[in-house]
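Pasting the structures in now, so scroll down.
One chain, subunit A, appears in both complexes that follow, with subunit B as partner in the first and subunit C in the second.
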Partner chain A sequence: MSSTLQYRRAKDKVFLCVVCILSSLTMIPLFLILWELLKKGYKQINLSLFTEVAPSSMDAMLARISNEPIPGGILNGLSGTILMLAMAIVMSIPVGILSGIYLAEHKDSKFSSVVRSLTDLLQGVPSIVVGVVVYAWVVRPMHSYSAFAGSVSLAIMMLPMIIRSTEESMKMVPGTLKEAGLALGASYSTIILRILLPAAFGGLFTGSLLAICRVMGETAPLLLTALGASAVNLNVTEPTSAIPLLIWEFYNDPNLANLVWTTSLLLLVFVLVINIIAKNIAKKWKIQ
Partner chain B sequence: MKDKLFKYLLFGASCLILLLSGGIIYALVSSSFEVFSHFGFFNFIQSTEWDSQHEKFGALPFISGTVLTSVLALLFCIPFAFSIALFNGEYFKGTKVAAVVSSVVDLLAGIPSIVFGLWGFYVLRPFMVDLGINAQGFGVLLSSIVLAIMIIPYASSLSTEFISVVPNELKEAAYSLGATNLEVIRTVSIPFAGSGIFASFILALGRALGETMAVTMLIGNTNNIPKNLADTGNTMASIIANQFGEASGLKLSSLIAMGLLLFVLTAIINLIAKYIMKLVNK
Partner chain C sequence: MENTINTQVRANSEPQPSGNSELLLQLKDVSVSYSPEKKAVLNVSADIYSNTVTAIMGPSGCGKSTLLRAINRMHELYPNIKTEGEILLKGENVLDMNPMKVRRMAGMVFQRPNPFPTMSIYDNVLAGYSLNNIKLNKQEKDEIVETTLRGVALWDEVKDSMTKKGSFLSGGQQQRLCIARALALKPELLLMDEPTSALDPISTNRIEELILDLKQQYTIVIVTHNMSQAARISDNSMFMYLGELVEYDSTKKMFTKPKEKRTEDYLTGAFG
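This part shows the complex of A and B:
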């Protein structure tokens, strides 16, 4: 009896150890990736990174031969990313919030459940497929890759996340708030815009930040829609670069390989910082 | 009057989702129609040829590459994601350690695909070469390992939720009978949360199917059916990313048709997962 008890206890301990070991192993890649990017990327961090466009392969090769840091920066990618993200935000956030409100207000209607399933479907669409679709919608009729096409693809990917987070945070708002508004004789739109929306703001804001985070590093759809450009471009109908597109270019060009780490480091830091901010906001608003 | 307008606005925004989904399906189907009428649907998905010069295109190598890498990635991720779920949802539920672990795993989910690809290329690939997998290190095995790391967060965060809602009374009943932690997990938690956990792994599989950049950088990009784990290949997503830019005519349509197949495949996988979750929640 005691031997089987010992055996059971031992088995239990071993299992706990395995769980702890596997769990800690899972956390290693994050730190390995960060370390790798820091180790290889810190050399190129300087002001010109933000003020100059990506160097040509030739310039980079000359600098590499004379053992100097590669000249130039990623201004064309940075401006492109900001431009496309801004347009994607303008397109997706209003629509996402409005339909999220609709879903929260009409919980049980058939139409809502259809929209909800389609939102799930959209969320699962692989990013490259979004790229293909936007190519067929926007790039082909316009006969040109463009920043506009890129931002449409980013907006499509942000939309489902914003809808879901709006719906979830609207549901969290206590029904008594709405009733109080109704009792005061407020109109439907006033109740939603002045009472429910501000009360759900924390969740909404977090959801939107996370959506931005998710699309910031997307490369595949932009390859098929925005293509990339070597100069700063603010014309929405022209091909435009973005930070992930620059990483892809640098990766494909051995002369620019040194710059790839710095650019990735920058992208990763952006993404992680926004992520952490978003999570902290979510925590703060939950307590209140 | 203003209220009515506002209600229409809400309704309109939701209708836009309908339009969007319809538009996506229409764009994919109408652009790939040419391919299916030219080769025949079943010929297209069964043919192994991918020949730009003779305009012969078949999807089988890429379908098999996608399925092989994703399923392998899923197998690799199961022990890790399951451990995280037990760690956060059972053993250390609600503690500071669990909070730290879950935020680290969350951050892992935030790393862009292309950064994973870079890391796999410069750090893991030399390992593969040292291990003697193949001369260049590229291939199915390398991409599955990186894919597995990428989908662990998706699988683990959902399964954690399912494991942590196992009622305490059930677990306490088992503990009071003298069960050890492991026995409680095996006889109470897993039977209770099993289908939910299963669904989260299916969702993670759906993620793996559509991953593009990391796989494109690591799989080796050869248009053959991978014969073993060390072999190189191509997935549906990676062939689109690689060849879309210079494609035109029938090749472009073939790539769009590939996009349609990928869309249908991920949609089916996600539907299955959502259906299981619906059953669980009832």
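This part shows the complex of A and C:
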């Protein structure tokens, strides 16, 4: 009798150990990546990273020969990323939120289930394919690579995440709130806009931030749409750089290869910080 | 069979008006169906007088909430639900009125307290105005908030935390806030669906006292699963069973000399 109890306790302990070990194993890759980026990239971290555009291959070569840090920064990539993300947000968030509300409000309609399946499919479309399609839709008709085309491809990639997170957070809002609004004589649109959306805001905001994180590092679609630029460009109809595009360019130029680490580190830190903010907001806004 | 029941319902739906109260709400052959086959409320007729508390009792699933929600047309949230008959509020059929107007004339309090979680206590009280885009100046707002919260005996407890969220309050306080939110629009009628069933005995007691107090100014229809509550607070009682209004009479008469066998069985605990 007591021996089976002991056996059970031992089994519990072993199980717990295995679970702990395995879950700490999953953290190892992240820390290894961070460590590697820090080790190789810290030398290039300085203010000019944020105030100067990417150096030319020539300048970098000269610096390398004289054993100095590579001059210049990633301002052209940073500004391009911010510009294209901002446009992608403006395009995808209204559409995504409205579709999400529709899906949550018409859970069982045929149309909703079609939209839901299409959204899932869209989520699975490889980013390079999105890039090719936007190339055909936007770049070719406009006869130019552009920040606009880049942001369209990012917006398409953000859309499914925003739709689903809106739907999920709208569904979490208790139905009694809707009834309370109705009982006060409020119209349907007022109930949606002034009661349900604010109550779902936390989840919605988190979902949008995570969608931004997700597309921040996208490279393939931008190669086919925004192309890249060596100067800061704020004209949406012109080719534009982005942080992941710079990483790709640095990687392809032996003189600039050292900058890959610093730039990657920066991109990763941005993504992690936004992620942490998103998680905290989700916690804070949760309806009890 | 159906006919005899209907005539009995009419015969039993005559509690006498008391004092200076007047006819406020008339239900005439009201039926509500969730689907063509399933009627949840069957041919209910009853007259309700102003400044009274009317309790709707009956075993769970007998259609109490369904009947109550027909009065302020809450069923319209769901397209399949059909309401038939006439519901006259101050002589006007609510089924022909603008639903927004009906709902402002007939406030509703729900089973679970449901203050708006993103609004402050102050804004919750005024929600009926803001959600209907009725503009008020600061002074009017302050006055409505204070008088309404005093009316539900919540003012002293919350006057220093007006800007806190409604969810910061205890369950009983939240429910009083919800009553205040409904009363702020100065409705003719207050509909309450088991407003104390999610509350502890002390909070329940306070809400019951509040209901007795509100009777001076308002007319209240309250669904309750609790017979002793009905006995404590109501002037008239309805007993519903399987969607029918079996008996409607003054609470005193119903609890002492029920006319119907089914009412007696329910009141003596034979079922329910």
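FYI, the second predicted complex is superposed on the first by the 259 of 288 C-alpha atoms of A that agree within 3 Å, B and C clash if a C-alpha of one lies under 4 Å from a C-alpha of the other, contacts with A are read in each partner's own complex, and residues count from 1 in each chain.
By definition in this document, a residue touches a chain if its C-beta (ideal position, glycine included) is under 8 Å from a C-beta of that chain, and two chains touch if they have at least 3 such contacts.
Please read all numbers here as calculations on a predicted model, not as lab measurements.
Engineer: Is this a clash or a fit when subunit B and subunit C both end up on subunit A?
Structural biologist: fit
Engineer: Examine A:187 and indicate which partner it touches, taking first as subunit B and second as subunit C; both and neither are also allowed.
Structural biologist: After superposition on chain A, A:187 lies in contact with both partners, subunit B and subunit C.
Engineer: Just subunit B (first), just subunit C (second), both, or neither: which does A:43 touch?
Structural biologist: Once the two structures are laid over each other on A, A:43 reaches no partner at all.
Engineer: In this superposed model, does subunit C or subunit B come into contact with more residues of subunit A?
Structural biologist: B
Engineer: Could you say whether A:118 touches subunit B, subunit C, both of them, or neither, answering first, second, both or neither?
Structural biologist: first
Engineer: Counting only touches as set out at the top, which of subunit B and subunit C does A:198 meet: first, second, both, neither?
Structural biologist: second
Engineer: In the overlaid three-chain picture, which partner chain does A:177 touch, first (subunit B) or second (subunit C), both, or neither?
Structural biologist: second
Engineer: Roughly how many degrees, to the nearest 10, is the angle at subunit A when you join its Cα centre to the Cα centres of subunit B and subunit C?
Structural biologist: Taking the centre of subunit A as apex, the angle works out to 100 degrees.
Engineer: In the superposition on the shared chain, how near does any CA atom of subunit B get to one of subunit C? Answer in angstrom.
Structural biologist: Comparing every C-alpha of subunit B with every C-alpha of subunit C, the smallest gap is 13 Å.
Engineer: So which positions on subunit A get touched by both subunit B and subunit C?
Structural biologist: Overlap of subunit B and subunit C footprints on subunit A: residues 187.
Engineer: Note which residues of subunit A are touching subunit C in the complex, please.
Structural biologist: Listed in rising order, the residues are 174, 176-187, 190-191, 194-195, 198-199, 201, 287-288.
Engineer: Would you mind writing out the residues of subunit B in touch with subunit A in their complex?
Structural biologist: 2-3, 5-7, 9-14, 16-18, 20-21, 23-24, 27-28, 31, 79-81, 83-84, 86-87, 91, 101, 103-108, 110-119, 121-123, 149, 152, 156, 180-183, 185, 206, 209-213, 217, 237, 240-241, 244-245, 255-256, 259, 262-263, 266-267, 269-270, 274
Engineer: Per the contact definition, I'd like the list of subunit C residues that touch subunit A in the complex.
Structural biologist: Interface residues on subunit C, with respect to subunit A: 72, 74, 77, 99-104, 107-108, 110, 112, 114, 116-118, 127-128, 130-133, 167, 178, 181-182, 185.
Engineer: Using the touch definition up top, name the residues of subunit A that touch subunit B in the complex.
Structural biologist: By the definition above, subunit A touches subunit B via 8-9, 11-12, 15-16, 18-23, 25-27, 29-30, 32-33, 36-37, 94-96, 98-99, 101-103, 105, 111-112, 114-115, 117-122, 124-129, 131-133, 135-137, 156, 159, 163, 187-189, 192, 213-214, 216-220, 223-224, 227, 244, 247-248, 251, 260-261, 264, 267-268, 271-272, 275-276, 279.
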